[in-house]
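Chain naming follows the written order as A, B, C and D, and within any one chain the residues start at number 1.
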């Protein structure tokens, strides 16, 4: 029916792996419209996350997510550090005290993550940021959270995130470093929206792989 | 029997021309064992000399040479400025007041020029400097100054200077910027010895061309 | 990559260690953090000034820590803003009871990290205020976007807010004068060559052998225009026309000027640029009160320079003229 | 050639004009000469200090003109020593009746041109003394040759002789202390890239993408060794081993240290170098009295740096610590 703390750690490890695999790719994307460090920053952060999670055994899923958030905040730097950091910390708050998570928690976590990012970064959809991939996914999850086929819902959410990434190619950046480019930011895929999609993808893959039914 | 002030100016113009023609060559030589400016420095100086000589008409050959020396001193800079400057000033002193110059004066001029260079630069023969081309020429001129065929004497002196230039290839620089190279200065022809040879060559060519018999 | 370094991963730590070794009378490092503070921090009763950002802009920011300027400089990874925990440590270390002003360059990352640090400090009961510097006129301004970048003009904020704090100003007063500087300072830069972030190992952008970029940022952010290399006077004219028309500066104004070398541009060229700046200001009947020429807000070994103009009133003049004694900025 | 200039022929004039425009309170230019003198020159009763050399070493030498350092800086063409008439004008302009000391870097051209200027001054009845700085240990020393080059250590001569003159020392005393500095100062440098003399338009030498040159001169004179780029710590070890064994420096000695960027080397890298220098000195039980890090004696836009050590006694320490206020060197 649900995943326990150990399962959550496995999901997070998978996310870290995905980020590390895409270190060069994300940096490449950032070099076109930013300062060529997004992959470097993120994989530095997630290496620290994995190390941290391995160094201490936590049973509280909320505490695990909070630890991830705090580790990201204190290791990533740049824009993505406080954004993803706040996202995980807010998500952790929402499931504080829980020793296992079900699908509804999964939805809550992403909802709160989105809130955290919007609170910290003050971005709206359409401004070429993380929000552009995360919000469409969260919208689907919220709308269809009571549907029977959770697997399908997750697929649909992931697809929405992917479309969101694609959409960032067509718009002008209004937040973050890419915004200095004005019109010249058009045509390039946003690094943050991409890393967010990749993280979602990794999480959903792992959830399915673990065949955690309740999720 | 002799050249007057106008002839002297013509000789000096020819010297200036020769230096200017060899601007790149001398600079090239200096770039191998020095700081790649000998041709630039010298041609800057001799352009100023020509301009100066044209701006005022002087009848005193000594004064003309002194003017050349002072102009070189105040425009060339580097090592060659004070060296050639002192040389011309000393030469000028030795023929001060003369309105025409004969062959003996020519010898005196070069003798004094050499003295000036040695006084200023404290170099001996064999140290890879101007002295290595000028001194052999002066030695011949002094030895054979009473010979009947002045033309031949000048040829021999010029040849001695040329051999001096060749000789600088085989020795270590002990004075000037090239001395920092130590053994690595071997194999390169000295720029200053070369410019001195070229000046002698130009002067002698012009003297012959003007067929000034007394010289 | 031709660099005098040992390991790209350790450049920031080794640099900070070297700085503390070189200037023990001025600064010390907070153990375990990439934070440089005044040797005598916290200064009791004085408002503390904390600035910082990504490394690679040396002497910014740690080089300006000292009497009459900053109390702490926080150093992030190269071109990456420092994390809130680092900034928070700096705030704690320099709070002398009168509160702490955060001086932030306007980059999303910097703003958010400093903001989080501010929140952490307030939770601990430390009074914190913040100002965001956005002097780069190369970027179109708009309230709906991130706005302009903060570049070399930030150093004037350090200097003047620093003087105000040193003179005993309250947190509100120091913040107010910092904001006055921000309202009156404008900069713009250009580059002849890119730079190489040590960890990346390759140039942040590429430029042809005869090309230059106008209006680029101090992290290699693309500029407003890429052209054939122009004469120094033409470049200065272009930059000055953007800067002068921005506030705008008017005849009779008094200004401080900064020519800021970006890293590889020789001092000779900085003076050649200033020569033209000075002529243009004379033509516009703008009076120069003080001039700063050198490296203040660099971009590693980028070749290029920025020009900064700060419009002065009597208050700003007095504070600008006040003495300052830091490793990289000294004034009697 | 990527340079912020207008015309290679005018770089020196435009630079000096820019300098005077920037620092009118400190310096003025002698009309018609490439000579920068203290704004208040001649200072009556004080020994005048004149230094100079080819341009391209900025802030040397004109940047050090001011209270407590030089009275005049004479600027030759780029990398070409100035002519005697220029130096002579400088001497006349700064002679306050107590005589003038010429501080010369040991290059044949500089020595001869300053010597001639000295002769001219003496004919006018001005008392002149001279010292020749030869701190570069990269060059083999020998009384039969030109001897060592003068490089960044020259700035310590300016500082200390300047302090002595400012304190009212006689010409003999100022000269004596300058010679004491020269006897106790040693430097050595290295380069990662060459530089381009504006008038020549091409690099003074060439280095492979992975090569560096150790012991080269500040005019691009070839060095003692060309190798693959080494780590900063290894480079520092090599330079320090040459420097330390030269005087030699002994345990218990006190020194001043200068890390001198040659033009394009970022401040970050200068601090990384100093970090190692400081460790090596600790190992050798040599105490650092003061550290200077930055650009003092550059070589246009050459990437690289030199290290200078000056062995101090009580007299030198006191004079080094004295305040100085010049455009490029300020110390409280």
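In this text, a residue touches a chain if its C-beta (ideal position, glycine included) is under 8 Å from a C-beta of that chain, and two chains touch if they have at least 3 such contacts.
As the structure is a prediction and not an experimental result, all values here were calculated from the model.
Colleague: Which chains, if any, touch subunit C and subunit D both?
Modeller: A chain counts here if it touches both subunit C and subunit D, and no chain qualifies.
Colleague: Mind naming the chain pair that shares the most C-beta pairs in contact?
Modeller: Comparing chain pairs, contacts are most numerous for C-D.
Colleague: Quick one: report the Å distance separating subunit A from subunit B, using the average Cα coordinate of each chain.
Modeller: 80
Colleague: How many Å are there between the centre of subunit B and the centre of subunit C, using C-alpha atoms for each centre?
Modeller: Centres of subunit B and subunit C (C-alpha means) sit 56 Å apart.
Colleague: How many angstrom lie between the centres of subunit A and subunit C, each centre taken as the mean Cα position?
Modeller: 33
Colleague: Of all residues in subunit B, which are in touch with two or more distinct other chains?
Modeller: Expected reply: no residues.
Colleague: Which of line, ring, star, complete or other matches the graph of chains that touch?
Modeller: Shape of the chain contacts: a line, open at both ends.
Colleague: Could you list each pair of chains that touch one another?
Modeller: The list of touching pairs comes to A-C, B-D, C-D.
Colleague: For subunit D, which residues are in contact with subunit C within the complex?
Modeller: The touching residues are 2-7, 11, 14-19, 21-23, 55-56, 58-59, 63, 192-193, 209, 212, 229, 231-233, 235, 263-276, 278, 291, 293-295, 298, 300-301, 303-305, 323, 325, 327-328, 330-332.
Colleague: Which subunit A residues qualify as touching subunit C in the complex?
Modeller: Going through subunit A, the ones touching subunit C are 27, 31, 34-37, 40-41, 73-83, 85-86, 120-121, 174-177, 179-182, 184.
Colleague: Can you name the residues of subunit D that touch subunit B in the complex?
Modeller: Residues in contact with subunit B: 54, 76-77, 79-86, 107-109, 112-113, 115-116, 139-140, 144-146, 149, 197, 199-200, 204, 217, 219-222.
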